[in-house]
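First chain A sits with chain B, and in the next complex the same chain sits with chain C.
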Partner chain A sequence: MISIERSLDTPRWQRVALPFVSLILAAIISGLVLAASGHDPIATYRQIYAASFTSPGALTSTFVYATPLLFTGLCVAVAFRMRVWNIGGEGQLYMGAIGASGAGLLLGGLPQPLLIPVMIVAGVLAGALWAMIPGLLRAYLQTNEILVSLMLNYVAGLVMYFLIYDSQSFWRDLTSPTALVFPTGKTLSASATWPGVVIGSFTLPTGFLVGVGVAVLLFVLVRGTRFGFEMRVMGDSTSAATYAGMRTRRIILAVMALSGGIAGLGGASQIGDFGHVLDPRGLQQAQYGYTGIVVAALALYNPLAVIVVSILIGALTNAGFALQGPSFPAGLVGTMEGIILFSVLGGEMLGRYRIRIGSPLRVAPADAEADPGR
Partner chain B sequence: MNTDLIVAIVVSAIAYGTPLVLAGLGELLTERSGVLNLGVEGMMLMGAVTGFFVSQQLGGPGWAVLIVAMIVAAGAGGLMALIHAFLSITVRVNQIVSGLALTIFAGAVGLSSYVGQVWGIGGQHGLHQLNRVDLLGLGELPVVGPILFDQDPFVYLSWGLVVLVAWYLYRTRFGLYLRAVGESPRSADAMGINVTRYRYVHTVVGGALAGLGGAYFTLAIAPIWTDGLTAGAGWIAIALVIFAFWRPDVLLIGAYLFGALSSLGFTLQAHGVQMPSEFFSSLPYLMTVVVLAGASTTLARRRIGTPASLGVPYAREEG
Partner chain C sequence: MPSPVLTADALSKWTTSNPYKAAFIYVGAPSDAGWTHAHEVGRLAVQAAFGGRVQTMYKENVPEGPQAAQVVTQLINQGANIIFATSFGYQDTLVAAAKAHPNVLFEQATGTEQLPNLAEYYGAGENGDYLSGMAAGAATKNGKIGFVAPYPIPEVIREIDAFTMGARSMNPNATVRVVWTNTWFDPAKERQAAESLVAAGVDVLGDGQDSPTTGQVAAAAGLKWTGYDSNQESFAPAAWLTATTYNWGPYYINDIAAAMNGTWKTHFYYGGLNDGFVIMAPFGQSVSAATQAAILAKEAEIKAGTFDPFTGPITKQDGSIGVPAGTTLPVYTPTGLSKYSINWFVQGVIGNPAG
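Coming up: the complex of A and B.
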């Protein structure tokens, strides 16, 4: 019989070591999956490492994937930490992309230093407004925000498709001859292109820098302000927050808006940094919103850790797209991400608990904790 | 509207609703034991891909192949659910995140897509498909014939399961124990009911039913495998359980309403109604939001049906 007991104190080193242990465990389990399906795990891991870090241009493209994951990871981290289960990052990112590309197209004549902030604001607003639907329903009707935010992901995807493939919308290119046959979005002007920071052969996207700024701000907000304190209390216990006279509705709405706004900013970065055009297929295939859950969990919902983890998972995602083919099936990355998530979850709890194999504890748990010899 | 159109809508509502009935019943059983499993979408996809693979590989008479395919699909769903059961019941992790992890692991860009590619079954046309069975030769009857007596075996199975689950929940000792475990695991434990065993069994059975629901897509609706073909049906099934107030009979009706909504676009377009296809495609999702909001207003007033311990891990020695 296996039983699991609570250990009252988790040493700090355990929290720090946990993500690394989880990654190693995940690598072992994924290796088993690979071996079971006839692939050589070591060779595959070598390929992944090369494709995401060492081969020419690999690091740049790793950051292409790390940037949106930084935003969606923060989106999930801020919400889940407060026990607001926003899994609508996917749809909020789409809406951000629609908003930012709309603003970029409408005000394409503005100079770059003005246009980039405008696009950012448009993306944030669009994402935050989209997140308000599950937010308001949760705050006022106690509607399950998991399902509502998820359903709206599909709706947001369909809105994008409608704008580009099934209407004469403002976003769609209706002039060039190829676009009449293969519907595409209008390409944004050069001043709507986010410049990025070029270091030798490596380009750091502007969005990543913005994301790092957002992560730092979030860290300060949660740790250092009254509002952050209220959010933390609510995250630990909603009833405690209510008894303390905190306005939980307002906190839920604020967390949702913040979370959705960050995902929307990720959508704006998709347009400004990379796509320069609203591309429904590309955005939907990438599944950044869902992968954000993996990023946030591996970072243990700490905004600063999300920065590092987004690069790691970005590398994995990049390898997935770069290596896609018969020896590297498309579903492999998602499978590995799922395994990573399982490992973190299991590991986090095991850090908090102790496994005990044998008969259940007979003495009272409090005495057991006090016994130093155990 | 003429009778033919109504019959056509009802028949396609049943076709599109059947996977929701199966997966919804599974989730209902799981949630009744106090475990929330958000991995339904992933479990359905695993059922769909394994069921289709078996139906492509196995020789022998069609009916035998399909039965084995259904069993394998149920097994695959159950196996996926076992991961969630272990993490949420034994390790006691957050059930929401564990369920999401299961959907990411097995979902549209995860293991289901991976094995589909490894097995090379993408784009193949299915060798076997479940056909309609004219029950008692009554399929020719007007209106009720095509609706009640001319369905495929999956549909009859789903009806049988609804009755079985309702009977189990409300008329057997085990059903009573199950409800006790979901409402108050501590009291159930004090009564001598093995809470852990009840939760494991119902989580795994729930997964098996989700696997069956997924297999309905590839064995009955359209015998073909593409990544993520369930397109959110697993999530709608979870929403249906809430909407049905955790009751199997209401779930059946709800599933067919959503089935009708999912197929409404095709039916209306076939009858010359002009609307962007995205509008029709988004109807089931929008409807889920509306229905959830509606259900939550009544739920909040008198918490009908929600198992009180839903989503809360149980440990004997902890307060």
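Coming up: the complex of A and C.
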């Protein structure tokens, strides 16, 4: 009889070291896969490093991928920590993009320092409101927010399509010759373009800076405030929170709005930092919301770790395009990403649980399963 | 395939140790058996024609958004001399890149924008679709044809219009029911759309998608099917009628040779059946000799320039006149109605051209 039970005495250094050991393990397994498919692992890793960070323009590219993942990763991290399973970051990002582009188009005449905050607020509000739908349904009708938030991703995608392809909406460009050939959104004015921080040839997107600020705020909120304490109690046990007299409904709604608002901010950054136009196909093909779940899981749902992981996954995605070609199939890049995810999550589990051979002596606490990030 | 003609200068400049670098940006995967596969066949033809003098590379599944700009930057970093972007959604990216990199050549499939170092290329798929439509119109028994369509955009609308006019030339009462998938390539969505058309009672299916999924649905339901992009007969031989296919190879070879010779100039290429850019796939077994003869006769008229499906009178879906008698729609004009901006369905289509 083999059983898995919670390890009660994991030293702190081990918890910190685990992800790094897992990453090294992932590099070794990936190396074997690369070697088996006829690629020199060391040369490939060198190429990945160069394509992610050191070749001309590479670092800027990496942050183009990392910025949306930072937001969708934080969106998932904050919700999953509280055991609110918001899978709707994808749709909340779309709604944020709709809100921010709408605000940017409507108030395009405002000066840049005023317009950027307005776009951010519009994106956050749109994402938060969209997330309130599964939030309210969960809080008052006990519906499963996994299903509702997931389904709403498709609805949000169709809303974007409706605005650009199927209607004469405010967002759609109805005049330019290009738009007559292929429906596109209106391009935002120059003052709605987020400037970024230019350091030599490297441009740090404004959105990434904002995202780092959000991550720090979240960290402080969860660790250092009464609201954060309530969220943590609820994250550990909903019934304990109820017994303690906490208003669990209100907390669920707040977490959902916070999570959706962050994804919506990611949508605003897509418009302000990169796209400058509401682009349904581009946003849907990118699938940032779903990748955000991977980012949050790899970061073990820690907001500060999400910053690092989003850069790493952004770098890997960026390098993935540089690597792929006739002799390097795109699937191999996906395989490597999968190996990293598997190793880090597997390592985390091995660190927190132990395998016992023989009859189980102790029953693990009831809430130990499906309990992310403690 | 034509063999490239290179000048002495080009032959001494571009060698195995210093190859000319041609890059392709794919919206899907080369294994899609449709649109991207056809471009990949073109890339391989380039590689075969030039040998070591040209190094080809490609990036697959590149999203049509801000990320495409990064992929273009990477390709330029990797030394690309010419970049072919094979989907409309890359146009804005390519315009910006062409302005920023005047020494690199760019070509954009299905777009409209031209710059000194940015050319446009595509071809009259609609003429092939007219012929596919004839095969579908001859094959339908109950007069109901279904069409699985990607995006409600002029490029697709004109193909459905031509397909419908072709079908009604064989069966004046035929109707074409359209379902939109809002994707170029997504076999699951394509399957859903095709199955919904089968449920609506159609007995022939057509599609404008990048995968042959519609054909597999048709074969499973015992129906007939016209494909798109590539010869997809092997995916559903019993259902197969014919398909519009694109032969990108000769165009790519020609343009890369010109670029290597230094004679490349910006252009708006619109190929067709006459120059071998559009090729009808072989007929399926169920297409009768009489139908084949009718289609081949019409194909000969199109090649000779004596027939264009978009010559008036053309009646719109709502019964009003879309193109008056004696007028033929131009391929593209920045203003006014052209094949590139047509946004209405002809009579006989059941569906909403706005999606």
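Please note the rule applied: the second predicted complex is superposed on the first by the 307 of 374 C-alpha atoms of A that agree within 3 Å, B and C clash if a C-alpha of one lies under 4 Å from a C-alpha of the other, contacts with A are read in each partner's own complex, and residues count from 1 in each chain.
Criterion: contacts are C-beta pairs under 8 Å (C-beta built on N, C-alpha and C of every residue); 3 or more make two chains touch, one makes a residue touch a chain.
Fair warning: this is a prediction, and the values are worked out from it, not measured in the lab.
**Q** If you count the residues of chain A that each partner touches, which comes out higher, chain B or chain C?
**A** Between chain B and chain C, the winner on chain A residue contacts is B.
**Q** Figure out whether A:Asp166 sits in contact with chain B (first) or chain C (second), or with both, or with neither.
**A** both
**Q** Quick one: classify A:Arg281 as touching chain B (first), chain C (second), both or neither.
**A** It touches chain C, and chain B stays clear.
**Q** Counting only touches as set out at the top, which of chain B and chain C does A:Leu188 meet: first, second, both, neither?
**A** In the superposed model, A:Leu188 contacts neither chain B nor chain C.
**Q** I'd like to know which partner A:Val233 touches here: chain B for first, chain C for second, both or neither.
**A** neither
**Q** For A:Leu69 in the superposed arrangement: first (chain B), second (chain C), both or neither?
**A** In the superposition, A:Leu69 touches no partner, neither chain B nor chain C.
**Q** In the overlaid three-chain picture, which partner chain does A:Ile293 touch, first (chain B) or second (chain C), both, or neither?
**A** Touch status of A:Ile293: first partner only.
**Q** Is A:Pro177 touching anything from chain B or chain C once the two structures are fitted on A? First, second, both or neither.
**A** In the superposed model, A:Pro177 contacts chain C only, not chain B.
**Q** Quick one: is A:Ala330 in contact with chain B, with chain C, with both, or with neither? Answer first, second, both or neither.
**A** The answer is both, since A:Ala330 touches chain B and chain C.
**Q** For A:Gln270 in the superposed arrangement: first (chain B), second (chain C), both or neither?
**A** Once the two structures are laid over each other on A, A:Gln270 reaches chain C alone.
**Q** Overlap the chain B and chain C contact sets on chain A and report the shared residues.
**A** 158, 161-162, 166-167, 330
**Q** In the complex formed with chain A, which residues of chain B make contact?
**A** 38, 83, 87, 90-94, 96-98, 100-102, 104-118, 227, 231-232, 235-236, 238-239, 242, 276-279, 281-282, 285-286, 288-289, 292-293, 296-297, 299-300, 315-318
**Q** Which stretch or stretches of chain A touch chain C in the complex?
**A** Residue positions touching the partner: 51, 55-58, 60-61, 64-65, 158, 161-162, 165-167, 177-178, 180-183, 270, 274-275, 277, 279, 281-283, 285-286, 318, 321-322, 324-326, 330.
**Q** For chain A, which residues are in contact with chain B within the complex?
**A** Chain A residues touching chain B: 2, 4-6, 33, 37-38, 80, 85, 87, 133, 137, 141-144, 146-148, 150-152, 154-155, 158-159, 161-162, 166-167, 287, 290-291, 293-294, 297, 329-335, 337-339, 341-342, 345-346, 348-350, 353, 360-361, 365.
**Q** Contact residues on chain C for chain A in the complex?
**A** Residues in contact with chain A: 29, 56-67, 69-71, 73-74, 77-78, 88-89, 91-92, 111-113, 151-155, 182, 332, 334-335, 340-341, 343, 354-355.
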